[in-house]
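Naming follows writing order (A, B, C and D), and every chain is counted from residue 1.
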Amino acid sequence: MHPMATPVLSQTTSARPLRAAVAERGKARVAAVGVTGYAGGELLRLLAAHPAVEIAAIVGRGRSGEAIGKSQPHLAELALEIQQDIPQDVDAVFLALPHGASAEVVAEIVGSGRTAFDLGPDFRLRDERSYPEWYGWDHPAPRLLADAVYGLPELHRAELAALGDRAGSIVGVPGCYPTATLLATAPVARAGLIADLVVDAKSGVSGAGREPKPELTFSEVNETVRAYGLEGHRHAAEIAQELGALTSTDPAAQLAALEFVPHLIPMTRGLLATCYIRTTRRVEAPELAELYEAAYGAEPFVQVVAASPSTKHVTGSNVARVHARVQPRTGRVLALGAIDNLVKGAAGQAVQAFNVVAGLDERTGLEARAIAP
Amino acid sequence: MHPMATPVLSQTTSARPLRAAVAERGKARVAAVGVTGYAGGELLRLLAAHPAVEIAAIVGRGRSGEAIGKSQPHLAELALEIQQDIPQDVDAVFLALPHGASAEVVAEIVGSGRTAFDLGPDFRLRDERSYPEWYGWDHPAPRLLADAVYGLPELHRAELAALGDRAGSIVGVPGCYPTATLLATAPVARAGLIADLVVDAKSGVSGAGREPKPELTFSEVNETVRAYGLEGHRHAAEIAQELGALTSTDPAAQLAALEFVPHLIPMTRGLLATCYIRTTRRVEAPELAELYEAAYGAEPFVQVVAASPSTKHVTGSNVARVHARVQPRTGRVLALGAIDNLVKGAAGQAVQAFNVVAGLDERTGLEARAIAP
Amino acid sequence: MHPMATPVLSQTTSARPLRAAVAERGKARVAAVGVTGYAGGELLRLLAAHPAVEIAAIVGRGRSGEAIGKSQPHLAELALEIQQDIPQDVDAVFLALPHGASAEVVAEIVGSGRTAFDLGPDFRLRDERSYPEWYGWDHPAPRLLADAVYGLPELHRAELAALGDRAGSIVGVPGCYPTATLLATAPVARAGLIADLVVDAKSGVSGAGREPKPELTFSEVNETVRAYGLEGHRHAAEIAQELGALTSTDPAAQLAALEFVPHLIPMTRGLLATCYIRTTRRVEAPELAELYEAAYGAEPFVQVVAASPSTKHVTGSNVARVHARVQPRTGRVLALGAIDNLVKGAAGQAVQAFNVVAGLDERTGLEARAIAP
Amino acid sequence: MHPMATPVLSQTTSARPLRAAVAERGKARVAAVGVTGYAGGELLRLLAAHPAVEIAAIVGRGRSGEAIGKSQPHLAELALEIQQDIPQDVDAVFLALPHGASAEVVAEIVGSGRTAFDLGPDFRLRDERSYPEWYGWDHPAPRLLADAVYGLPELHRAELAALGDRAGSIVGVPGCYPTATLLATAPVARAGLIADLVVDAKSGVSGAGREPKPELTFSEVNETVRAYGLEGHRHAAEIAQELGALTSTDPAAQLAALEFVPHLIPMTRGLLATCYIRTTRRVEAPELAELYEAAYGAEPFVQVVAASPSTKHVTGSNVARVHARVQPRTGRVLALGAIDNLVKGAAGQAVQAFNVVAGLDERTGLEARAIAP
């Protein structure tokens, strides 16, 4: 477990389900915990412009009293100040903390009836044994895992909507790699067509967080590319869990058919998952097109595109661009998913999930189009 | 065929084998044709510092009289001037021309007894039918293909050395993607262990050449990553040919087991091939390590490294860094190859092949270490 | 003059002043001419999200029938199609054309009573003699120059607002370098304190436009910095004109005291003007602070910051960040201005000027905060 | 003073002047202290290829026993191991340590008769009062400052050569900013033509060192530009000292006429100094050209170029490119200097100075041409 003291609710009170709170006042009062990193900054940027959100507090460990402009200079004019505790009268709490840091505080949040949207991994995995295996610590609140919902609306929309009627719900917002991978491959997985899957993923550096590690300085990252996490990246556990759920396969069996290798790319934002699928039978292009149209034709944030997607074309937006094709020579399905790792891969996804839970139009506050070039 | 006029030898003369020429004078007189692009510039940089090379001429189409500094400002002080024709008294000619442009001029070069080192694809493929299939034109000198040697010394050293005793030889210098891919996978291929192969390759932008295309401007390439050539990249033909040769497999069958997808990365130099190998049987780590040690233990330019290689660590050098490992969960072999696409992937490789043909120490003129950061 | 045919109004009609049109319908019907470049794309992104704008047409030369997604892939879902002519029933026309291309079409637009917002330089300079001098062509509609307003609201708000009551007005939207320079130095200039001025400006590559020139490819721009336009950049004329206007000085005299040297930086967006001011008398820090507070305290888009501004902190937003200080050793005033060259330096500024002319809140449609990192 | 323990000579012995040592054995035995940073890595790269150098030891504080490949992966094959102490039998010692860390150890080195080449600032300034003023610490060996030579061969060649005949000499190798600035402006300064000088400098990030500071991560540096050190950068002291020496002006007076503002550019290597000179009298282009020709016509590493220099064209080489011109409108002299900050701005310059002191051809080991693109 993460040893640092975590912020606590200043006092617990009875609370209503999120949907009712928003329906009554037209707005949710929210707190954001952990706002000094990149996902936290992006979350603030989105929440501050969200018409159905009132930012009641930004909360941080040991930075009480600090103006937001110190850690997020581009948001200085929000004129928010970090405080020690989560106010008692908020309807929802967003958390963007290092892994292991949110499990305990989430227990308190939901215990007092609030809804928690955790951008970290502490509530993404259903099986408590996954935490010691992939993260190296025992989950401090394992009984909460069963009720938490994996916050990928494209796969779990109904479950998320159902949370809106319950006080004390938890959304485990997906990681950036699983988001791009799952959106790229879900239509094929759901049809039971994946025999095995190689995911070669490329991420911008902001995905590695804001901690100034030696290998993340400009001089080390610029003009180079390398694979990392060869021994097994934690996000593989999420991918396997969700692909398993789509096909009623055991996640462990799923892992045996999944090769996931992330790469660090000299760019700040953007994530591309190139997915190589050996199929259980020969798939033809029209069938593949139908699967993707059926899956995403009505989705507000997934665009099935006719050519290889560029991450630049989704920068700053909550859109995922997906392209799938059958490779004639090999018969493989090639599926590509491109997202902005900090928006659809983190903060935007959290807001999208919030919208679903709160009964709002899913696009609320997420209408901004990509910025290019 | 490429319609542009190609430079011609000013006059043909009888010529000696390259090895004899170098042995006699200690130096080869060479001409470089096509020096205004990136591979050509890199070639000049290396040849100008090569102790056994005298640059007799730089030759270009329609740029006669132009100082080298105009197209290669960093090499202005070489004080070379582009001329129209290849001098008759050179021992070897290096060509860095667009595909289709060197086939005819090479015929003349070798007809007059000189040795040609062609950095383009015109003499890489053995089967003349590959040219209409992959490049869209019929090869104008198909009878020369059989005798040309694929200039990857690590796979064809003996054949290259044998060329040194023949006048009128042709070396088809490999492409950048095949170089990284073949060096990463050859030990496994040679052992007959590849059941199928996914190559996800990432290249710096200089690999796309110097032509100012709309999709190659800084604003379009920076801060983005995308796959390209999904419908089939020409370098797949080379990879299949060479992997086939290692295993006595028909290249066509080889292609059916090969998925090759290149990606454009926002960096100028560097190329990483991430190779995912499903093996014909379970391979264990010690066996894998032995295969690579046996293949590369004595190679001057292949370094087998213990961790995921970064392209930055070979920038400016002729070194290829290779890392191979067995993935415990899936049993796959993961093999990574990192090169500088303009050095080991083009000009350095040409010089290395030249050294072999000329009977020189293979490292001559290629001793420069990588520049980092 | 630019030789290409320019789009024309399909038919002229009587038209109302822009303010009246917006007041009546709550929206302006606008056309955007020249939408395939970077400023044009940014303009579309902003106009499409503007609550008081209806995009009646996008207009392009020789691209009639082309979907916007072809040139602006990130905006594909706008589902707009380029058409040949400007519809007759629009209230305002935005033009993002190469220099020399808008002068004639603007004459037609304003002749029919519409308001023109020209993002190019054709209506920025008051003195018709400046066009042959700086651009190399004679202005085809010199009589229109006197009435055009330089569209920098921070310096010309009242004049812009006055245009709202007149049919057939022209706004010459400032260039990116002048915007950053003028906002950084105007408070000192207006106080008559500038003895001479060195402006060392650094721009991202998108400022050079979208044309794929050899010197703008990724490989040429990445990992390098260079000055350009040493012989005199056209934007110097704008800077001198506007500084001259602030001090009732002849622009020619102003030019003699102005050194303006732009530099190309390996980044896509962002522009920083570092301004070195030798003052007419010693200025102390409190006086300087007062000048900037007086100038910008009430400005919605100029933020006076306490430390050296980073362009990253305004990316995607219409904000200019300005920092000014007295250098104790030399007595010089150092003034820095940072903008997003495509927003406050082009499309955002055009929309801001439009808001002023149309009588809207100046911030309408420009509320988006910067995206960082 | 820097509190960390510094490496010491294992035992002092009598030693010869460097020139005599090299003359006798054809090689100098050298130690390099502080090899884990960027300047240190570059130094090793150059020394390892230097035909008149034998690397006797690499020495580091607290990293004894560590293979060089750990900190400099691109140099792993050098197979050097960091040791605790400087061997007693070396002729020269290169130091690449943080400021304040070399002063004491240099005293020991020269006390034992060796020659020290210090890449840090501890022996660059002649006036001991400059250290508390600019660096915040008192110099521990102030009596050594008078005899140390500022290691810019283009300005101090004779003094450097004279050191070769003395045991126990010190060369204070210049900083990167002063190198580019002084080479760009020295011809004008020496002619007494500088009335005042604005230096707007742009540096790649490697110049800021290898320490992983929050503001130096890729995500913070990429896609942005900013000025720093507005309150006074330490390198201004060096520039003033050397310009003062050229004109017999007091450095303090020199500082009052010098505005030096460095900027951080999103690139790894390269440094451009754009120097704006108000002259004491009108200078015409031919006179200016003569000054630069006279100064640099015979210099091996300074190239006077006819157009604005790009840092890319000197990457990896020890060349400085200088361009000077008179600006017709303002009469100012504009002088630009471009270098690779780690080569001519640090390690290459140290080797060049070593060559001069050792009586070698100044180009020895520095022949490598720039690598572009």
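As a convention for this text, contacts are C-beta pairs under 8 Å (C-beta built on N, C-alpha and C of every residue); 3 or more make two chains touch, one makes a residue touch a chain.
The structure presented is a predicted model; accordingly, all values stated were derived computationally and were not measured.
Let me check something: if the centre of a chain is the mean of its CA atoms, which chain is farthest from subunit C?
B
Would you kindly tell me how far, in whole Å, the mean C-alpha position of subunit B lies from that of subunit A?
That gives a centre separation of 42 Å.
Quick check: how many Å separate the C-alpha centres of subunit A and subunit C?
It comes to 38 Å between the two C-alpha centres.
Just the number, please: Cα centre separation of subunit B and subunit C in whole Å.
Each chain's C-alpha centroid was found; their separation is 48 Å.
For subunit D, give me the residues that contact two or more of the other chains.
38, 204, 206, 219-220, 222-223, 266-269, 310, 312-313, 315, 373, in rising order.
In graph terms, with chains as vertices and touches as edges, which category applies: line, ring, star, complete, or other?
Shape = complete; every chain linked to every other.
Give every residue of subunit C touching subunit B within the complex, in rising order.
Contacts found on subunit C: 38, 204-206, 210, 212-214, 216-223, 266-268.
In the complex formed with subunit A, which residues of subunit C make contact?
My answer: residues 38, 41, 45, 48-49, 72-77, 206, 222-223, 268-269, 303, 305, 310, 312-317, 367-373.
Touching subunit D in the complex: which residues of subunit C?
196, 198, 200, 202, 204, 219-220, 222-228, 230, 232, 255-259, 261, 263, 265-270, 272, 274, 276, 278, 308-313, 315, 325, 327, 329-330, 332, 334, 336, 338, 373
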